[in-house]
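Structure record follows, encoded as structure tokens.
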């Protein structure tokens, strides 16, 4: 499989990020199967045609069912709003298409499992869009852990802090509507933390959480868009039905302790997606706002020069870096998507499942829902019971 | 009261810090009542006499009861191991002495309440040693909150990370023995976080926590000292009876959400006592390893220059700073104790209760125990039920 | 002019960066004139054909003269080694082509002036590749200065620190050969600092410098490439004919004092291209390794919250940022080239000279040579005398 | 010599710092000869008596000549304004007293040499107050260099940035008067950088500099004090006769290149006394505003974890640290003076010259004056010619 013909459903924030990834991939990873940008789909005909032209897709369509059934499509990329993921995925799997689905995989654990089952029964490849795994600095953390250089992991603590809805007059966009988004900070941001934890530390066994909606009503927007929105503060108000912030504690199967916090109410944090891992031999720290850097500490460094070192993950020794620029020349957010699509393309090329895939989407959803249940029932919830 | 005659029980880590504070105070705060270093007490006669000479006390004694009863003593400073706090405090209160007691106030909430009651019945002044409140950068955080410059507080997250017992062969010192220390990271480090939370954000209403002892057995030490210890890794082992790490979530009475983590297993962190507060108008961040600095963010800064600013709290506008050096010339750990003792001396001078006092010690103990109960019972615990 | 047909001479490090810029530009800046990637040229036929395929050029050619004369080309992009810039530029100007030339514009001030004259006589547009001007954080610094928010500028200090030839066995690549590269750290890195100084502070009036070649002989490489090189440490050695490091002091016309340092021998610095500007009202600091950030200080902030604030230049208030991702989602090195090409395309669209252009290239070269002369003559040199 | 009886001339900023050092020293360094605070001298009788009481001196005197001649004094500590250093030092040496003199040693190289000669002829011990050498993080830098762990030194770059006279209405204090202060930023701040360079890298061979007084007139102060001053902006103005900023380049005898900048016009920098050293095997960075930290880089670290590590110089492996608090508990500005006085006391105890001594004061003065001459003559000046 030297070319992968893609039909993509969705054309907003994630649609743009994916399109760019497909567009840049062959230039920097010329040995990887080449994505062919066949058709982009969305509900608003004019908008989707404009997106097709701007992003570089051959065709535009307002009928995702038609796209899914086309013979000249190998892979369906689903980045429509979360409430549409399942229906599209099931149809695409049935049509024998490989699947790339943005996170969260689905609005519920049951739906996610159904999607995984459909993909497995159809025998197609499936991937889920946890893009932060693909930052070279995160890959370095993974390598250090896998090589045993951090020893036994004792602690994982992670925060995903944003502040884009701090203003109480920010309008009630779809991400604040539970029916469309499933959940708020928890599903949007916490899902990334959970995936990172699973990727780097392993499975969790039990969780307990708490959650809050600080601003309970907001003005209805005149026009809804991805992350931005037009709206008057004097517009009629609607109820915010998702969480503004969710925190939880977790135990991992390997004995580590975890702390998680996702919030959209952390003034000054545009996109602080950060974690720290402490092991018996060392520690690592990451903050997405400085995504090219990993802070690394080794307990067995000489006694007079122990300290966190700031590794700029742009050297040849770092994953993906040789495809880019000389050491010290940094990359950005969009590159996580390019690397993600490299994994998808290589998996198809090598006829294997990409990682992370729907199994990871399901496992993440199980933790998300366990946390929600623990909040409802005010007690610890075992992941095994989900 | 222009002079305060002090009898101090304890002469190790905290004893040294307090002695130095008394010694330096008159030079930098000449308008404050002057501490007179009358007598220092401890069990080991030779050691306490050496401490008296080195630290500058007039006399040494191995009999704390004798010290407590002396007519020429105004204030008893208790920094002996935690299990001795209560007995000394009760006797000193009964003798009409003012009280300064290191944290944790006592080994249990019941004991702490008994101590508060004794102090109140005796009509003496009482203070508890939450020294981190007295860093100028922390004072600045307090001022910003009190002046409303951070708005409504949404989040408080705090960690106290150390790594001094990371090595499994580090011996079983008294701080790892529940009978003497009461608890481990939770009571030693978490107590500081709880006090900071109460100081800056207010009272908590409910908590849920988890705890772990990663290294369950350690070699018995040949000689026990404060934080350091001699010992052979081949010595017989004893059981570690306190927590290596404790985490908890909390809700505050004002609606804020809190996250707390105290651990002695965070490789690379010698003394990361840090917190962040996010409010509706701004945020502050503090890390004790850079104790002269406060990171401050204001939501309403001009749109093109929003960002956390690093304030070096050494300007005349900052608490205590004019007593020290010109702007940019930093102070250290020991200065928190000097400022703490300034508060004690000024309170005596002004015939008022110092802050923080035994009320704060009791409230802190209530949260500590609520967390412990929540761990035992695996559920949320209301502070009001303690 | 809605489309700009490009012929590009050069296909290595800069060729890749420019190609990518042309490729991505229409997706993120759809209202800008569209670059059409017509033909790429280079000496090695196989390599240039491979580059054409990988980077997305319609054709490849080994004859730059043929490219320059083609009727279907509007703009010649010159990023061949520095010793070839002049000849290509003169021929292209004569053929009426618009010019984009990588820095340094030429190997000497005389050559640079000749190129400017040729471009002006031909009436074509001309631009020089000082890409660091186009980082949004640098644009913010410019805006703050232009708006008077830093007041009168007192100090500009800048360093460009790298370490890629620290190893004495690193081979003698073309960048270490004066005949091809013109100069070493001075022309390669110092040129960027000089341009930044001129952009942000203004013209310099006099300079004094010093220079050193720490490793005077290196193994000859078996194969020469851009920044990397294969080579054996046992290969015969050749003389390094350029500077490893050059430092100079400068006075600006507006009274400011400047300090400049360019070196390839700063262990631990992969690409620290940093500057700081201190004015009567405030300061800014920039480090390219954290290129999304600008540190900003205002003298007139309230007395208790003065400090450098870390501005993440990814907000809508920052140049170029709305074309990219939501606030907090960073961009990388390559984006400086995309923005640079946006300027080139918009200038052609609007029939104006782009900035920076050959005038800036000439002025930069004048400072470079004045520094070299000051080193030779061990005295201050006036820029006006060049 | 188990006790050293001290007479100190001067009682302001430095007088306070020295007094505190003498006061604290015996508590933290009990094995060192004990300083006895006999008598403090100054011109203003009331002020000096107040200082004696506050700082803990046995007596006060307004007659330095009387102090110098007293039989019960072993060491004269000179921290009066710089123009008084020489006369006091010569008299004290003649009286056979050991000497501690604040920097700058004298107002001219000639005077400094005269002082050295006097001390040598009298056979007394002599020390000069370059206190920044005594930060544990700086000691670590020294150790790494001496142990060869940074290899051959290529670069030393240092800045001392302050902003306390940024406001043009700040009054004309004595430090801005050449007759009293000798020079401005150069002698006050640059002297520290020069000493640091000599301490860490070695002697310089030639220098070239530039200098500026940005604000040429200032209001006369109503009352002059150390660093602060009362004054009205409407007061009559006087001429500023010292430099606001001085920069220079230097070559070291070992082939390294040096860059130095001292300024009082760097907005946002209260006390940024920082340096970086790049060697063939590694680098170190220091900033006094974070004086407990040293950034350390080793070229030969494993390829995937290379980066500057932040070493908190508070571990037992770090100089002086065991005298203080547990790892991670930082110290401040004043501790540099305590360590400095430990060196003075130990030298007397061990009957050896302390380091740095008047030789270092003379060498520093030679560089200071060479820079001044290079500014006057607009050319490079050889240190050997001074």
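Just so it is clear, A, B, C and D label the chains in written order, and each chain counts residues from 1 on its own.
Keep in mind that, in the parts below, a residue touches a chain if its C-beta (ideal position, glycine included) is under 8 Å from a C-beta of that chain, and two chains touch if they have at least 3 such contacts.
It should be emphasised that the depicted structure is a prediction, and the values quoted were computed from it without experimental measurement.
Q: Counting one step per pair of touching chains, how few steps separate chain A from chain D?
A: Tracing touching chains, the least step count from chain A to chain D comes to 1.
Q: Look at all chain centres (mean of CA atoms) and spot the one farthest from the centre of chain C.
A: B
Q: What whole-number Å value describes the gap between the mean CA coordinates of chain B and chain D?
A: 35
Q: Using mean C-alpha positions as chain centres, tell me how far chain A is from chain B in Å, no decimals.
A: Result: the chain centres lie 41 Å from each other.
Q: Indicate the whole-number Å distance between the mean C-alpha point of chain B and the mean C-alpha point of chain C.
A: 54
Q: Which parts of chain C, given as residue numbers and ranges, touch two or more other chains?
A: 269, 297, 306-308, 312, 315
Q: Under the touch definition given earlier, write down the residues of chain D that touch chain B in their complex.
A: Residue list for chain D touching chain B: 13, 17, 19-20, 23-24, 26-27, 30, 53-56, 162, 164, 227-228, 269-272, 288-292, 312, 314-315, 324-335.
Q: State the interface residues of chain C toward chain D in the complex, per the touch definition above.
A: 150, 154-155, 157, 159, 161, 163, 166, 168, 208-210, 212, 214, 245, 247-249, 251, 255, 257, 259, 261, 263, 265-269, 276, 278-283, 297, 299, 306-308, 378-380
Q: Any idea which chain D residues touch chain A in the complex?
A: Going by the criterion above, the answer is residues 140, 143-144, 296-298, 301-312, 315-318.
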